[in-house]
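Chain IDs A, B, C and D follow the sequence of writing; residue 1 opens each chain.
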Amino acid sequence: MRKLAYLGPEGTFSEEALRILAPDAERLPCSNVAAALDAARRGEAEGAVVPLENSLEGGITSTLDELAWGQPLIIVAELLLPVKFSLLARPGTELGQIKRVITHQAAHTQCRAFLARELPDVHVIAAASTAAAAQEVSLPGSPYDAAIGAAIAGEHYGLIEVASDIGDRSDTVTRFVQVTRPGPLPKPTGADRTSLVAYLAEDHSGALLDMLSQFATRGINLTRIESRPTGDGIGQYFFHFDCEGHVFESRVGEALSGLHRVCADVRFLGSYARADGLSPQIRRGTADHEFAEAAEWLDRIRGDGA
Amino acid sequence: MRKLAYLGPEGTFSEEALRILAPDAERLPCSNVAAALDAARRGEAEGAVVPLENSLEGGITSTLDELAWGQPLIIVAELLLPVKFSLLARPGTELGQIKRVITHQAAHTQCRAFLARELPDVHVIAAASTAAAAQEVSLPGSPYDAAIGAAIAGEHYGLIEVASDIGDRSDTVTRFVQVTRPGPLPKPTGADRTSLVAYLAEDHSGALLDMLSQFATRGINLTRIESRPTGDGIGQYFFHFDCEGHVFESRVGEALSGLHRVCADVRFLGSYARADGLSPQIRRGTADHEFAEAAEWLDRIRGDGA
Amino acid sequence: MRKLAYLGPEGTFSEEALRILAPDAERLPCSNVAAALDAARRGEAEGAVVPLENSLEGGITSTLDELAWGQPLIIVAELLLPVKFSLLARPGTELGQIKRVITHQAAHTQCRAFLARELPDVHVIAAASTAAAAQEVSLPGSPYDAAIGAAIAGEHYGLIEVASDIGDRSDTVTRFVQVTRPGPLPKPTGADRTSLVAYLAEDHSGALLDMLSQFATRGINLTRIESRPTGDGIGQYFFHFDCEGHVFESRVGEALSGLHRVCADVRFLGSYARADGLSPQIRRGTADHEFAEAAEWLDRIRGDGA
Amino acid sequence: MRKLAYLGPEGTFSEEALRILAPDAERLPCSNVAAALDAARRGEAEGAVVPLENSLEGGITSTLDELAWGQPLIIVAELLLPVKFSLLARPGTELGQIKRVITHQAAHTQCRAFLARELPDVHVIAAASTAAAAQEVSLPGSPYDAAIGAAIAGEHYGLIEVASDIGDRSDTVTRFVQVTRPGPLPKPTGADRTSLVAYLAEDHSGALLDMLSQFATRGINLTRIESRPTGDGIGQYFFHFDCEGHVFESRVGEALSGLHRVCADVRFLGSYARADGLSPQIRRGTADHEFAEAAEWLDRIRGDGA
């Protein structure tokens, strides 16, 4: 039976995502994203399930940066998980008694309106994950009165829901990805996404436009672009891209090759089925058979000009 | 005497930035970025000094999102502040005794290598700011043994430096901006930057390339691009841009107008002197006098065709 | 009563075009395109009607070059004239007797298949115009047996049609333009065309793409692009452009200004109603009201940033 | 010994070009460009030498159109030939006696200033070539007093030079190309040119920009672009392109493939050494080894994602 690492402890949204993506897998909880990815890298787990971005908070920078550096991992699946927050406390606690709340920073941000309205004087302390916060509250003698986290975490740690669905927006979604060490890629499904990281060539102004042109010339839409600092100073960035299509498709392959040529470096992060199942619109001249015909034509004219 | 809000309490890097940007200003410490910006919005302060991005951590998302939504504020100055972290503890504390450290999440991330090497078993708790962490450690009966923060915070709260310059990289820099309510813009200096936020028109594919073309066609380099989720679901983003030049310059004005036309909305975040003093290279055909000549020519041909 | 010059003598397609474009005008026949345009330039005529391009032969280079250099003239109207050729001879002539044919070179080219099929051994001599050829044939003692020209020319010079509609293609069309000295432009009709000539900046590679981008960025389709040599050596060209829209429209005005900035020189050749009456599709963000809104917004943010 | 067709009769500039391009070849004079190309197509000659463009007159439309349609031919060499015109007449003729001049239309155009100044009342008749004009003048009983043509034509037909170098510009150059039936291409020299013809996909607006982007994305400069009517009506064009580089180079091959995909049709017209010997500047990311590295990388990531 295969084992997958995830951001633990039990009761996190990551665990929920893992249960959906791989119901039969053994689960290895890790204390943070880096640890989960390292477990996959070192072979302690076959892979890992980690959050990549949130519809309210944006990119999960620790995941973005961990995937960009270090030993390569590739994404083989993605999941869009609705995120619902509950206010979790020890049995018997009432809303009016809550003075100190612990939760993950992202959850804090997403529940700001509820906190301002219902608990204007509350003190919020940051935890490593929402499940860790729930766990902390469940400990005897905890200095915290409540945690904000998934209902599942409350169940797990014997807490009650003092309030549920307390997020500022009820439609918040987190995108999780399942990563593994490099190996055979998922087969194209016709509704795929490709992820990659690109590092600008330093001596090359207008480089971002050049990168985007590689996609545009082949009729490929980008579904996400995110800049991250290289660490070498303000103004130095690298880029995470998600684009439509699978690297096995000609237009995607040629665009990635093009990117490889104009960039200082490109890291491939995988081609995998889109969670939303949307098929791209293939623009005239960019279908696989058109690439094949063009290649045959090129061979022919290189042969004898005709 | 004017008053500026900042991310407090005393001893934060924001305070340090404020002291450099406006040495004579009265300082109003606020508990978070949103509170500092709101103080400026409501007129409790004339403006605010907040971090915008960090060379290691990337964009400060709370600042980016706060500037994008709510009542407009504009940037009037920027500062690049080297960030040095110290391990701060109550007098008498030795490295070997430190079991529980409190600090801001960003500082934690930036000191990971030091912590892994010197304090492999330490427990790190997140605080609202590095100064708040130092303040916490200084309190009698604090459950924390040390804080990670600026040396200045240590001085302020009576702590000693158990270790200094403990960041993984010694060249980390944070970019701070001074914002005010809309009003007369800073004069162009020849080495300026313009910041703005652009919201894609929903029904418009290839919209990002269209936006970038507005800059490229006028020969304007982008110095930063950052995508942020609109909150309306995965795949829905808006963009922060920094570009070279001042909105009073013709090429910048026309690019911004162009952006206004092709986007659902554009928010202007100010034109101000670059902290690095770099002057842009003005490409042929994009200087102010060339715009003026072209406008005169257009008037002439519209008049009588000649 | 106004007078218009045209490529004479009487009986040319140019005369036919002039009669349709300006039925009441006095007609001044000239021996070639340059002479007709010069008559307009010198004020001997109020304007001139000249051919600009032919659907089979392409641009009429003498017109293109004459409009690009010398004293400026602007186009105020255009006409698409179907071109039908007849084989014209003195009364009594039969097809089998025709050994020497005189006509304009363009007409010769367009009737090649007929000549090869029906008169394989004929000798074809070039004349300045098809009407001049008909006139020549009509003279007593002419060495030529027949002319190729418009039926109207035959009538005019007392010739018979030995064969009619002898062009290789029955759908050939010539585009004529009416030009005048610079003055008030025709009013926009909603279905207009703008013509211009652009000279590349010499020190600027990728200049053609830059020029085209000026149109593309403002959503303007080009309806014709024609390169012409500057005369300064192989590889040195200037360009004739026709684009959709009227210079009074904002998107066209801004594109022309942009072109003026990136080119060594631009000559405006007029905005006028399209003969085909086709209205352009106005792309999102390029309508006049959107330009006006963007300009107001720019004024506002330049005023106080809001 | 090989035989090459050319635009005759003896004494044309084409003959001069042929003598330079292939000094040892047998020469087959033809009455026009189409006939010369057909001789090559039918195998009556191994190839043909024809004019492609003139620095004053522009593209030679008969050559452009003949190469675009019919059985394919490819260019294997090019030559830039300075063009000098002489006024040629029968021995004993003086300038003042000349009333009727015969020449090719292009020569007429290029000597306009001389004719206006020295022979203001002269009557100019068009001939099929400048050499044919010289031949005509040399015939006993010719109605023409002089021809305009190459000095070599005068020698050939026993005429004297009444005036020499009478062109309006002394630096006029004609570009000749040597074409053959499709076969092995000339080897790349490092300073090559590639010629092709592209037909726009009818249902595809912005198609010209798309075509140019195929070159721009691969860092390839265009050295000539010429639109020609398809014959299907005003506004319907196809395009002749010359670009830097050889089809054996990766960036050129990929650009041509890209063009093949986005166009209704592309006809390859050959890759051959540039007459001017100029080497292109290879832009970062477009050298053959960079294409090879990118292809290897793509194979690798398609294999196992790493």
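To be clear about the criterion, a residue touches a chain if its C-beta (ideal position, glycine included) is under 8 Å from a C-beta of that chain, and two chains touch if they have at least 3 such contacts.
Owing to the predicted nature of the structure, the values given are computational and were not obtained by experimental measurement.
Peer 1: Both subunit A and subunit D are touched by which chains?
Peer 2: In this structure, no chain contacts subunit D and also subunit A.
Peer 1: Find the geometric centre of each of subunit B and subunit D from their Cα atoms only, then give the gap between the two centres in Å, rounded to an integer.
Peer 2: Here the centre of subunit D sits 59 Å away from the centre of subunit B.
Peer 1: What's the distance between the Cα centroids of subunit A and subunit B, rounded to whole Å?
Peer 2: Distance between chain centres: 24 Å.
Peer 1: Which subunit B residues sit where two or more other chains touch them?
Peer 2: Subunit B, residues with two or more chain partners: 213, 216.
Peer 1: Which chains touch which?
Peer 2: Contacting pairs: A-B, A-D, B-C, C-D.
Peer 1: What residues on subunit C touch subunit D, complex-wise?
Peer 2: 53-58, 61-62, 80, 105, 109, 125-127, 169, 171-173, 175, 205-206, 208-209, 212-213, 216, 221-229, 231-237, 276
Peer 1: Can you tell me which positions in subunit D touch subunit A when the two form their complex?
Peer 2: Touching subunit A from subunit D are residues 72, 74, 182-185, 201, 203-204, 213-214, 216-217, 247-248, 253-254, 256-258, 260-263, 266, 268, 270, 284-286, 290-291, 293-295, 297-298, 301-302, 304-306.
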